[in-house]
Amino acid sequence: MSPKPAAPKDSLNVPRFVGVPTFMRLPLSDRAEGLDAAILGLPSDSGAPFRTGARMGPNAVRQASIMLRPFNPYRGNIDIFEALKIADLGDAPVVPGYEMETLVWLEEAVDRVVSAGAVPCCIGGDHSVTLAELRAVAKRHGPLALVHFDSHTDTWDTYFAERRYSAGTPFLRAVEEGIVDPARSIQIGMRGSLFRASDITQSLDLGYDVVTTDEIFTIGFAALANRIAMRTAGAPVFLTFDMDFVDPSAAPAVETPEAGGPTARETLALLRAIGGLDIKGCDVVEITPTYEGPGQITSLLGATVMAEILAMIAQYRQG
Amino acid sequence: MSPKPAAPKDSLNVPRFVGVPTFMRLPLSDRAEGLDAAILGLPSDSGAPFRTGARMGPNAVRQASIMLRPFNPYRGNIDIFEALKIADLGDAPVVPGYEMETLVWLEEAVDRVVSAGAVPCCIGGDHSVTLAELRAVAKRHGPLALVHFDSHTDTWDTYFAERRYSAGTPFLRAVEEGIVDPARSIQIGMRGSLFRASDITQSLDLGYDVVTTDEIFTIGFAALANRIAMRTAGAPVFLTFDMDFVDPSAAPAVETPEAGGPTARETLALLRAIGGLDIKGCDVVEITPTYEGPGQITSLLGATVMAEILAMIAQYRQG
Amino acid sequence: MSPKPAAPKDSLNVPRFVGVPTFMRLPLSDRAEGLDAAILGLPSDSGAPFRTGARMGPNAVRQASIMLRPFNPYRGNIDIFEALKIADLGDAPVVPGYEMETLVWLEEAVDRVVSAGAVPCCIGGDHSVTLAELRAVAKRHGPLALVHFDSHTDTWDTYFAERRYSAGTPFLRAVEEGIVDPARSIQIGMRGSLFRASDITQSLDLGYDVVTTDEIFTIGFAALANRIAMRTAGAPVFLTFDMDFVDPSAAPAVETPEAGGPTARETLALLRAIGGLDIKGCDVVEITPTYEGPGQITSLLGATVMAEILAMIAQYRQG
Amino acid sequence: MSPKPAAPKDSLNVPRFVGVPTFMRLPLSDRAEGLDAAILGLPSDSGAPFRTGARMGPNAVRQASIMLRPFNPYRGNIDIFEALKIADLGDAPVVPGYEMETLVWLEEAVDRVVSAGAVPCCIGGDHSVTLAELRAVAKRHGPLALVHFDSHTDTWDTYFAERRYSAGTPFLRAVEEGIVDPARSIQIGMRGSLFRASDITQSLDLGYDVVTTDEIFTIGFAALANRIAMRTAGAPVFLTFDMDFVDPSAAPAVETPEAGGPTARETLALLRAIGGLDIKGCDVVEITPTYEGPGQITSLLGATVMAEILAMIAQYRQG
Amino acid sequence: MSPKPAAPKDSLNVPRFVGVPTFMRLPLSDRAEGLDAAILGLPSDSGAPFRTGARMGPNAVRQASIMLRPFNPYRGNIDIFEALKIADLGDAPVVPGYEMETLVWLEEAVDRVVSAGAVPCCIGGDHSVTLAELRAVAKRHGPLALVHFDSHTDTWDTYFAERRYSAGTPFLRAVEEGIVDPARSIQIGMRGSLFRASDITQSLDLGYDVVTTDEIFTIGFAALANRIAMRTAGAPVFLTFDMDFVDPSAAPAVETPEAGGPTARETLALLRAIGGLDIKGCDVVEITPTYEGPGQITSLLGATVMAEILAMIAQYRQG
Amino acid sequence: MSPKPAAPKDSLNVPRFVGVPTFMRLPLSDRAEGLDAAILGLPSDSGAPFRTGARMGPNAVRQASIMLRPFNPYRGNIDIFEALKIADLGDAPVVPGYEMETLVWLEEAVDRVVSAGAVPCCIGGDHSVTLAELRAVAKRHGPLALVHFDSHTDTWDTYFAERRYSAGTPFLRAVEEGIVDPARSIQIGMRGSLFRASDITQSLDLGYDVVTTDEIFTIGFAALANRIAMRTAGAPVFLTFDMDFVDPSAAPAVETPEAGGPTARETLALLRAIGGLDIKGCDVVEITPTYEGPGQITSLLGATVMAEILAMIAQYRQG
């Protein structure tokens, strides 16, 4: 019952459902020092313009993640917990209903991870939490190459009452703040109806590379993985994964579902094709657990995506 | 398909599920002028410290309310739509994640109703929306006698990061702002575990009369109704009903459920015992629809509570 | 796997979830001959004016009924399957979307049970199926004394497009057809808002005794049981139980839920107080299984109510 | 709160969850005059031979449709509300449990739209409602070319008790009535087990072109789109989309789910490949909302399909 | 993020949904030494004869328990965490599908708590886990006075294939093993249908005092509390609470629901009336989370019951 | 209501929802004599190491299977009930919580089917039930060629407390017992994270052919079908289908979901490509109905898979 850091519980000896669920049954810790990567929940939905409840996302992902096992056979049978020292740091505190104050608190929590030298691996929360992460990570690593999976660009300027901070605006704000370098960045998965004709071009105008869901399949996973690697080559990378990238059949519990996305298999195949990224921070966001039934498939897929990103980091470090 | 104001659809002629659901199938209008009472949704959950999703409350209550019929046999077979001219005004706009800005917008929307001479009958939303309503109603009618059904007092001073505005603070703020007269006011239904020993006494210290759930049954419904009438006699009344007053078996979909409350039958019997209130504004709040299944029993009970309050208003006006 | 008639499976030897679920794990049969009572599903919802899905009611009640055990300790520890020969006859066929044709088919199926000398114990289906039952039972036993539990009187004249046959009209039709004797009949549980002031008086005008939900508690269960016995004394009785008699907290999955009803404990206590009825037919109706979650509490309560009625019949026969 | 016709609410200014949900937040109107297209709910499930509840379909689709935005980037960035004047007309009245009477009422409601010169864009309801639509549209435009997406042919002759009108028979009836020209018509998506060997050939014998789900993928979307355009060229088209065309993983809440269909992405890609149809009427049918959880993915996909059809109409009119 | 033992997180400073949920937000520990009481999950459902899934019970109760606050106003405003040093020890390991082996492992885990001098406060798990607890507690404290809330006696001899260990047999086994003294013990809440006439008398024959649900209300809560205190006076007490004691409307997610139980308010009032028990061990069992919807009312009530028992212990210690 | 063996109810005459649901509405029988194939439920979840509830699987699959029709157009329009005499035998008895005893009882029940000369077509239950089936079938037919669809190999040696019998071990046990010939056997669909690097190689080392999910798509369905036919040629085949082979979007209600599997359409296309197998026994396992919502898509797909296997058997027999 008191596992050592970086040694998750063995699900062949103790059933998965035994014990308080942490991410992949990792030890719960309150310090990032000495870790290579740290799981950190960012349970805020104050930036959510439509469906709410992402505040319950981190624990839902933890609960589903107990299914996952340490070996990743898609990257040379790597044991991610031998390759990386990881712990679950619990959640950052938030101020529900106060988006601005929440962003400050989230940034402080991520900053502690970054300052300790660990890669923050965050579980949202709505997509506005990524701005707080980018600020903390860029403070140490400089302008970041963003690898952004999503069905929306999230580069709008303002939302209701001309508020500049919400789940729809972080990737315009990040460019304005100079913490993301759009010329090294790519947005992948855009689809569906638009508010205005400029919804896609606003990202292109900022300098982002944009790949729609349709283009993912025209280009092919391998070529797209290569394009991502080329685009970000040499830069510190921040990978953000909005679960609405995936089709609602495989990810129903998201804030702003968009019909017509990739399946879970296609999504994982694309992620597994990607390599060579120097990931300094990452997240999986926008899971709203009350919008799905007891099968918890969105949370399970979200946990699986995070485990794939951890394997990506582990493989990169092993060279 | 274009019903006249104050003439809801007849559910013996057109099935209830036909048409876009408005409150009790009332006509949808954008003006309060000429109305005696107006249904107004206040779809904000920016003040919710625990479960979120009350932004979906107003439409969930509308959807369940189509079950209800116009005659109230508990107050002399009154037809509430003959006694009162009522319409459904839709929802006030909100700024999700920005509690302060939201309170301003909500107050403006309620103010338009009050200014038109109609009684605002609001559907929340978390309990912080009541502060906006109280401000608008008190502006016209002066300090209000609050009749407050809830399992919590909501008279705490601050919440996370010392924020002064949330669903846990409106009835301290209202006293501070002079818009509620605690000496004419009563809080009914408090129960359950407390943060601090002072959770109840803080209300008493402010001057509120406080009746716990246990005391409701000790006192009896008739005597309690009399105590409410005496307490508020002659004053303009604001009646606010937090659905967590009721036991979670009958109202599972609330923000902060508290086990051990009255049943639906007891709740309605208490409301039906109450009379003689000069209601200037009222609301039913804290319904979070994603926290219940397809039976929608919380929304149905919430709609029934609102219909009872409308009958209370109608009866009072008929003298 | 081939139990003999009137010998349900023993849940101490074979777990309840083993086998295709029949009512209380009774043998499935296709003949009523030789039986004292027969379970018959009437899976029609063509008469439902609001929520639909009661076609799935009979099997949902069967599935929940496997929880029940043969001994009833409330009537002298009677073993209902020793006292009565009972089998589950499956369902009557129906013609979905064709209310008139469905009523004919249902009547034929019930008639076969009645003709075989068995008491039809039916599981609905919407409340219009009771008219078919009453026709078949009255054909053999003459005008019936109706004991009717419901939150609505179901004595309206017509519904949409002036249709005379629906779940809202059977107990006016039955009086018109002379198959129910209102002077020996009683309706119990009426409550909630009304379409018109006459919703209750229309039943009184027909000659029914009517007891509202409020009156149930004013009168008391024992006195009410006595009033029922007196009202029906000497007459052949048909007992019909609409699940919306019960509060939605205990019976959320019904066609037209009405907030403020008795709890499950109060409901069963009232039924257990009742005796001395010469029951010639009975039913439990209006369960719409898709309107509740996996706990199936409405179906379980419906099954329990039917088991209580079976015990009532068994006790009456034992004198 | 009182938007002008053809100007839906802007979801960047007012959150989507604010206000009574109409289709894509369009204005609610009671007149079709002056409109290019009109959304009309047909909330009947009297024709449903298996799962019921499609009466709740129109409002479920409206509720999900508030996610959608006006620009369609798949047809030249068309703004469908600039290209077409559209309003939401609410629902047609129905007579639950009376299929024949319901078909009359539905036809009258659609007829009013057609007579006003607007294209009826209907939301079902079970598939029998399409017969009513076809009758109204053919009255004005003559025999129609049917473009029919479905996993079943719905060309059976009779169902239970030899009833000729149900969700399984409209496309035989329509040929018999001369309102559909099978030689210009095509049925797409048939799959799964059959009642009889003739289930598919009965459609071919009537003169329909039939494309199974397997053939969709053998032929390819572009070639199939071309085949549809050739088949219907020059004729007035009625496009009907039964949601069970799609796999149950993406559309679980349908009346008769059939495992093994296209994904949502494949479905939308096929629709987006189709062009050049002179659509005089269309519908999306068979959504039964109680058969899915809170994610509402069937309703969201149904709304998206309707939005794609609207874009198809808009593009055709722009030439 | 690293709270000290016996100091749960303050929900006025950090929102309840922040952080991995432990019981009432207590610190998670792996040692019972120095504690007055210890929360321990017993996640086994190998003894469940009907519905399964109680293995998920402990974490569901933890998740709901974050709603609860430290002060109990029903026993003199006691702060249970000032009165008692408590921690959450996580779960005991189990061997799913191996009831005998599981009982051994559970006993060992409870034994470690008892040996450390702390009161084990366990969350089930099916009711067979109580046998393991009784063995561990009796080893130290001698034969125990059982205070048993349940709708079933659980004193059957064997179940399927004559297995002697299951959720239906622990309180016969405990008497046979001499670890419970039936003459000091009481079973409260029995109701519903029976397997055999002897279902109740078998407990009486063993020497238990038995109080049915009906008798609870005949006797009255105060008198019953007194009877419990008298029965157990001077003896070491084990209090076990099977959630099916409560009506399924308030506790739908249980293994063997029994219609007709007390409400949540009645249940808590009874518990709050009880005092003077020298509790050496306790549990809340039989919660099967997948059998309820997102409102989690069974888990919330279970957590509340446990919090009341903790207050009972605290008050007893304060004398 | 008393259909003759091998003549299921006609869903064009009697609606599917009428009657107690058996597999595809087949007659319920208690004897396998004279049958070609027999549906047998194996409702045990005592071997489940993670999610439980597969005890409810057989009846959930029956309930969904009523959607299916007798003709299979993918194998020459074969009517499976003309080609094969089939009945539903109900369920084998089990001993919940006693894995070893359960395996004995299950084997006896399957043995009765095999001894009668019928092919046992079983519905699980967790995957450990397959070991019981293999034992019974191999007793008559000798070592079996296993065709195993699953995302896991289930060839681990022991689980918790070194138990050798669980859902994770049957295909190692079967090789050890000599009842499966790994050299004629193939495992298809493995994917996801691993406990250890050897999770896949342990199967290869035993002599199984193993095809991962990725390889299914690399190889192609036709080539894979050929590889299966070649591998098993001439041997008696046992086909086992673990529903977690499929992606959780199409099969959410399984014991150990694994993100990234084939869709339902791909799954059925693969099965339909397979032929020439001399199937002596088969099953569909691991469905846990409480883990999905009312759409029941996992159960429907499971029923469809079983119907495809029945068609496979029918086609093989017809030569």
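Order as written gives the chain letters A, B, C, D, E and F; numbering starts at 1 within each chain.
We take it that contacts are C-beta pairs under 8 Å (C-beta built on N, C-alpha and C of every residue); 3 or more make two chains touch, one makes a residue touch a chain.
Just so it is clear, the model here is predicted, and its values are computed rather than measured.
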(message) Return the chains shared as contacts by chain A and chain F, ordered by label.
(response) D, E
(message) Between A-B and A-D, which chain pair is linked by the larger number of C-beta contacts?
(response) A-D
(message) Taking the mean of the CA coordinates per chain, how far is chain B from chain D in Å?
(response) 40
(request) Could you give the separation in Å between the centres of chain D and chain F, each centre being the mean of its C-alpha atoms? (result) 37
(request) Report the inter-chain centroid distance for chain D and chain E in whole angstrom, where each centroid is the mean of the CA atoms. (result) 55
(message) Multi-chain contacts only, two chains or more: what residues does chain D have there?
(response) 13-15, 17, 49, 55, 93-94, 96, 160, 247, 249-250, 263, 290-291, 293-294
(message) If we count contacts the way the header does, which residues on chain D are in touch with chain C in the complex?
(response) 45-49, 52-53, 55, 93-99, 101, 105, 128, 160-161, 163, 165-166, 290-291
(message) Give the list of chain A residues in touch with chain F in this complex.
(response) 10-17, 67-73, 77, 79, 247, 249-250, 263-265, 267-269, 293-295, 297, 300-301, 304, 307
(request) State the interface residues of chain C toward chain B in the complex, per the touch definition above. (result) 49-50, 156, 158-160, 192-197, 199-200, 213-214, 247-250, 252-253, 256-263, 290-293
(message) List the residues on chain C that touch chain F in their complex, please.
(response) 1-2, 14-15, 17-22, 28, 30, 41, 43, 55-56, 59, 62-63, 88-94, 96, 290, 294
